[in-house]
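As structure tokens, the structure follows; a few thoughts come after it.
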Amino acid sequence: MSTPGRSSPPDGDAALRAVTGLAARLSGTVVVGIALFVLWQAWPALQAVGPLRFVTDAGWHPLAQPAQFNLLPMLVASVAVTLGAMLLAGPLGLFTAIFMTDYAPPALARLLRGVVELLAGVPSVVYGLWGLVTLVPLLAAWQPPGASLLAGILVLALMILPTMVLASHAAIAGVAAEHRLTVAALGFSCAGSLWGVLLPAARAGLCGALLLSTTRALGETMAMLMVTGNVARMPDSLFAPARTLTANIALELAYAMDRHRAALFVGGLLLTALVLALVRLARGLGCAWRHA
Amino acid sequence: MSIHSLPTTTCAEPVPQTALQALDLTVRYRGRAALRGVNLTVADGSVTALIGPSGCGKTSFLNCINRMTDLIAGCEVSGTLSLFGEDVLTDGSNLLALRRRVGMIFQRANPFPLSIRRNLDLPLREYGIRSASERAGRLEQALRDVGLWREVIDRLDDPALALSGGQRQRLCIARAIALEPQVLLMDEPCSGLDPHATAAIEDLIHGWHGRYTVLIVTHNLAQARRVSDHTAVFWLQDGAGTLVEHGPTGALFAAPRHPVTADYVAGRAG
Amino acid sequence: MGSDAVSGGRRARPVIAMLLPLLLAGCGDGGKAATGKLMLTGSSTVAPLALEIAKRYEADHPGVRIDVQTGGSSRGITDARSGVADIGMVSRALKPDESDLVAHAIAHDGIAIIVHASNPVTELSADQIRAIYRGQIATWQAVGGPKRPITVVNKAEGRSTLELFLQHFGLANTQIHASVVIGDNEQGIKTVAGNPGAIGYVSVGAAEYAATHEVAIRLLPLDGIPASTVTVKDGRFPLSRPLNLVTRGQPQGLAGDFIAYARSAAVHDRVRSLYFVPLD
Amino acid sequence: MRDRLSAVAAWGAAGMVLAAFAWLIGDVLWRGLPGLSWQFLVSAPADAGRAGGIASILLATVWILAIAIGTALPLGLATAVWLAEFGHRQPRLQGHVNHALDVLAGVPSIVFGLFGNAFFAVTLGLGFSILSGGLTLACMALPILVRVTGAGLQAVPAELRQGAAACGLTQWTTLSRLLLPAALPALLAGTLLGIGRALAETAALIFTSGYVDRYPGSVFDSARALSVHIYDLAMNVPGGERNGYASALVLVALILCINLATHALARGWQRSMS
């Protein structure tokens, strides 16, 4: 039992392990690097202005004398459009996913899936354009100025719907394959099996779908910039204009310098912290992330 | 190699060399013992059947021998296990060399999704056999040994997954014996096969007496009686599997010493 | 120097030379002489025009490469000052504290107040506009229009259109009670066109183009003078601005040549096609 | 009763999704088709994008994507391999890497834009360039690539790994000859998914690859990606709408092609796995 001349295999495997291990560490570091870098860029503002003023100033006027840096209205706007969009897209996406697994004839399910995947790939600029040119004027005729939280919620709901549908479809289809025959053999009704067995079994996946869609919604930029009105004021109704944290950055970064620029990075930091909190929440709830 | 070529005799006079010795072998999964305190000695060239109800640690025991336990996250093995006097469990021992000495056949035949030829060629190549003609020779010999040669000679380059269940399992056996192992571990190799294919594999095992040391896990007591010369009975005690009785197959089935064994072989328990 | 770099071509241009001028952080030490490559940064209003002029210049001068990046007039000022950019683009006249830079007008532009085409209001006084933007007048009824709330469209912070507008009407941005804040001209035009109660202000050229291309907006006169490229050209329109290329000191070499070209009659058709007003 | 209600809700939801789709895509088709022609695809933009086509924009987009995928793919593949094949030996590190990737997947694209602008463009001095934009997109695509590739590796039946280990194959051989070929379609699907996501990205590119609409000469040149072009035409160029919508139509068509290719791959994969 000799091992005739060959490069010692464990060495090759050790190298493989070392190289991939390095890659994994690097991949893991990217997000830390991003966070630290954004923090570093935001630091001058945090230091000169102080973190407190980002929530207590009278408004957002970074170029006025004296400058005002209140990010709170934008934080509220970001959270509001995200929540609103989730309230619409969550159930709608779930039912569409249920339709695809349980009710649709196979051909229709395939078509629907193709459609949803296409919608998932449509760039946000296109959604934004549609919102600006078609939706906002409709709203403006009803409740001026049209560009509002509501417009943002509607466009955003439409945008995250595909993510919601695909992720919940994956979750339901995953358990359906396992339990469908058993459930049918036990003589469950269609709705009975759905609400009694499939949805509870797919809970982890569905919760992941919900949180994945939420992070997408929170991060949406260009479409929000185009339809929400961008007024950096605390929104007091659904029909009031609002500026999201993301839109604030996109709107002003190109023109911002020095402390103004750093203040925009504070907004970016806030967004990153929100996402981190969401992912933590997802982990705490035992959600399964699916990247549909 | 010289040991292998010794003719096995039915008389027990010349004490055969010990192939495998387990002392206080314990396997834990994430801290929970699945197999506890196994002491077992297996003679070279013998066929040992491992029987007992499901979940009593037979497969865990098998997995220790070629350290498949390494692949399982959270699996811990303690105690000692030696193969022809060499320690198996030490971290420093050469894992790949060990696995080449110990072939394994699984419950579900698992040919690589490659051609029939590549299924044997790939491990041989890994094994360092550069000469194509030598590899071809070994391939033919292994396929002949498992009785597959005639069935596949004109389609060696077809995908292995196109074979029938019984053929796949024999291909996996050929893949294992092409590497000329000393020990063959078989984990319920016939559980997914029809009686005809099962008989073919049992015939193979019969032919291996003295050539390979075989450990076979089976739930089929009749099969254990047919193919093995020793039998080890595993049982679940205090939540962990353990070895309750071990001895020559004939004696064990005829006069079980342990009450659990008696009930099990009589079909009253398990 | 210029011809050297030009013939040395893209191949020889060291990477470092490309990287250094791009350091946007304002750490460049300036003093960069004209090379085969020009860097223009600044106003997003001037950028499309500068880009078109640059393309034509490049076509006539093979080997020259002119990069145009937007970032607002204040970035144009800063970058030209620090030397990060060879030429800054600024869509307003230089301020007194910017006298270290030299401005070279390449076109004129005005800022027009626009309303929806269906809006019957034909004229607003400066006081009315101020009151509207301060939120003191909230419906069109108060200025002789229909009973409809006014949607005030304002520009985002940092853009010189906003600065100019505020300056002209003596307003501070903190006083403005906007209903919609927009980034670029077209967003303003689309917003007003989609809302019968909206009022906004955008570049005269862009508004004129839209109004003549079936977009539902109308330009309001200012101080009795119609808002159009014609009145901007003859200098009558009160709310107008030069579109400037700015340099630190008199431009030399390639930068000087390019600026001269950008001011010449050879590019007037480009200026017009972007709805700005060419120099005389 | 509950059956009826569930069915109505499901049909209703699907109907609404289809209607929204029809409205949105119909809008783009109706406004974009008039501007679309072969000439549009093969000529460079002129007159600030209102005339000419999008050839240089398409080329720039391909360059940016090539940099992004060229960087993210090896890194993502190696990371997925480590997570799937070696990670269990260092569960803490594995947990950290997974967590970091989950967060990375959720980071808003505008924050990538901020980071890319500050890090690649300013700190590394790459300026507004294809390289800055491509590397920024690489960071964005990384989690997608790791996840989809990892799922592909995990979907390889455990028996295959056991068989390889029992034969004493090295991990390198197991990986290169058995696992990666089996996971290849998933790898390609993940790559396509990443490309699709990157293709639609605007916010992160405006501040990294910039605005220049010429044919790019090198990766250090600034170049305008398709989605940025659409944004600029729609929001900044008077009369740019027609070509903006035509460009959007091209982008949607590209996404459709990518989705179809992904599906074909996935189908082939499922067949080979069964």
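The chains carry the letters A, B, C and D, assigned in the order they are written, with residues numbered from 1 in each.
One rule holds for everything that comes next: a contact is a pair of C-beta atoms (placed from the backbone, for glycine too) under 8 Å apart; a residue touches a chain by one contact, two chains touch by 3 or more.
All figures in this text were calculated on a predicted structure; none of them were measured in a lab.
Colleague: Please report the smallest number of touch steps linking subunit C to subunit D.
Modeller: Contact-graph shortest path, subunit C to subunit D, evaluates to 1.
Colleague: Report the chain whose CA-based centre is farthest from the CA-based centre of subunit C.
Modeller: B
Colleague: If you average the C-alpha positions per chain, which one ends up nearest the average over all of them?
Modeller: Centre-most chain by C-alpha means: D.
Colleague: Between A-C and B-D, which chain pair shares more contacting C-beta pairs?
Modeller: A-C
Colleague: Which whole number of Å gives the spacing of the CA centres of subunit A and subunit C?
Modeller: Taking the mean C-alpha position of each chain, the two centres sit 35 Å apart.
Colleague: On a C-alpha centroid basis, what's the spacing between subunit B and subunit D, in Å?
Modeller: Roughly 48 Å, centre to centre.
Colleague: For subunit A and subunit D, what's the span in angstrom between their mean Cα positions?
Modeller: Computed from C-alpha means, the inter-chain centre distance equals 16 Å.
Colleague: Where the centres are mean C-alpha positions, what is the separation of subunit B from subunit C, in Å?
Modeller: That gives a centre separation of 81 Å.
Colleague: On subunit D, where are the residues touching two or more other chains?
Modeller: 170, 234-235
Colleague: Can you tell me which residues of subunit B touch two or more of the remaining chains?
Modeller: In subunit B, the residues touching two or more other chains are 96-97, 100, 126-127.
Colleague: Pull out every residue in subunit C that's touching 2 or more other chains.
Modeller: 44, 70, 183, 187
Colleague: Write out the stretch or stretches of subunit C touching subunit A in their complex.
Modeller: Listed in rising order, the residues of subunit C that touch subunit A are 44, 70-72, 74-75, 78, 148-149, 151, 156-159, 172-174, 178-183, 187, 190-191, 193-198.
Colleague: In the complex of these two chains, what residues of subunit A are touching subunit D?
Modeller: Subunit A residues touching subunit D: 9-10, 12-13, 16-17, 19-34, 37-38, 41, 91-96, 98-100, 102-104, 112, 114-119, 121-127, 129-130, 134, 158, 161, 165, 189-192, 194-195, 212, 215, 218-222, 226, 246, 249-250, 253-254, 264-265, 268, 271-272, 275-276, 278-279, 282-283, 289, 291.
Colleague: Which part of subunit D faces subunit B closely enough to touch in the complex?
Modeller: Per the touch definition, subunit D meets subunit B at residues 88, 91, 157, 159-170, 173, 177-178, 181-182, 272.
Colleague: Within their complex, state which residues of subunit B touch subunit D.
Modeller: Subunit B residues touching subunit D: 66, 68, 71, 73, 96-100, 103-104, 106, 108, 110-114, 122-123, 126-127, 172, 175-176, 179.
Colleague: Using the touch definition from the top, list the residues of subunit A that touch subunit C in their complex.
Modeller: Answer in residue numbers: 59, 61-64, 68, 132-133, 136-137, 140-141, 144-147, 225-226, 229-232, 241, 243, 250-252, 254-257, 260.
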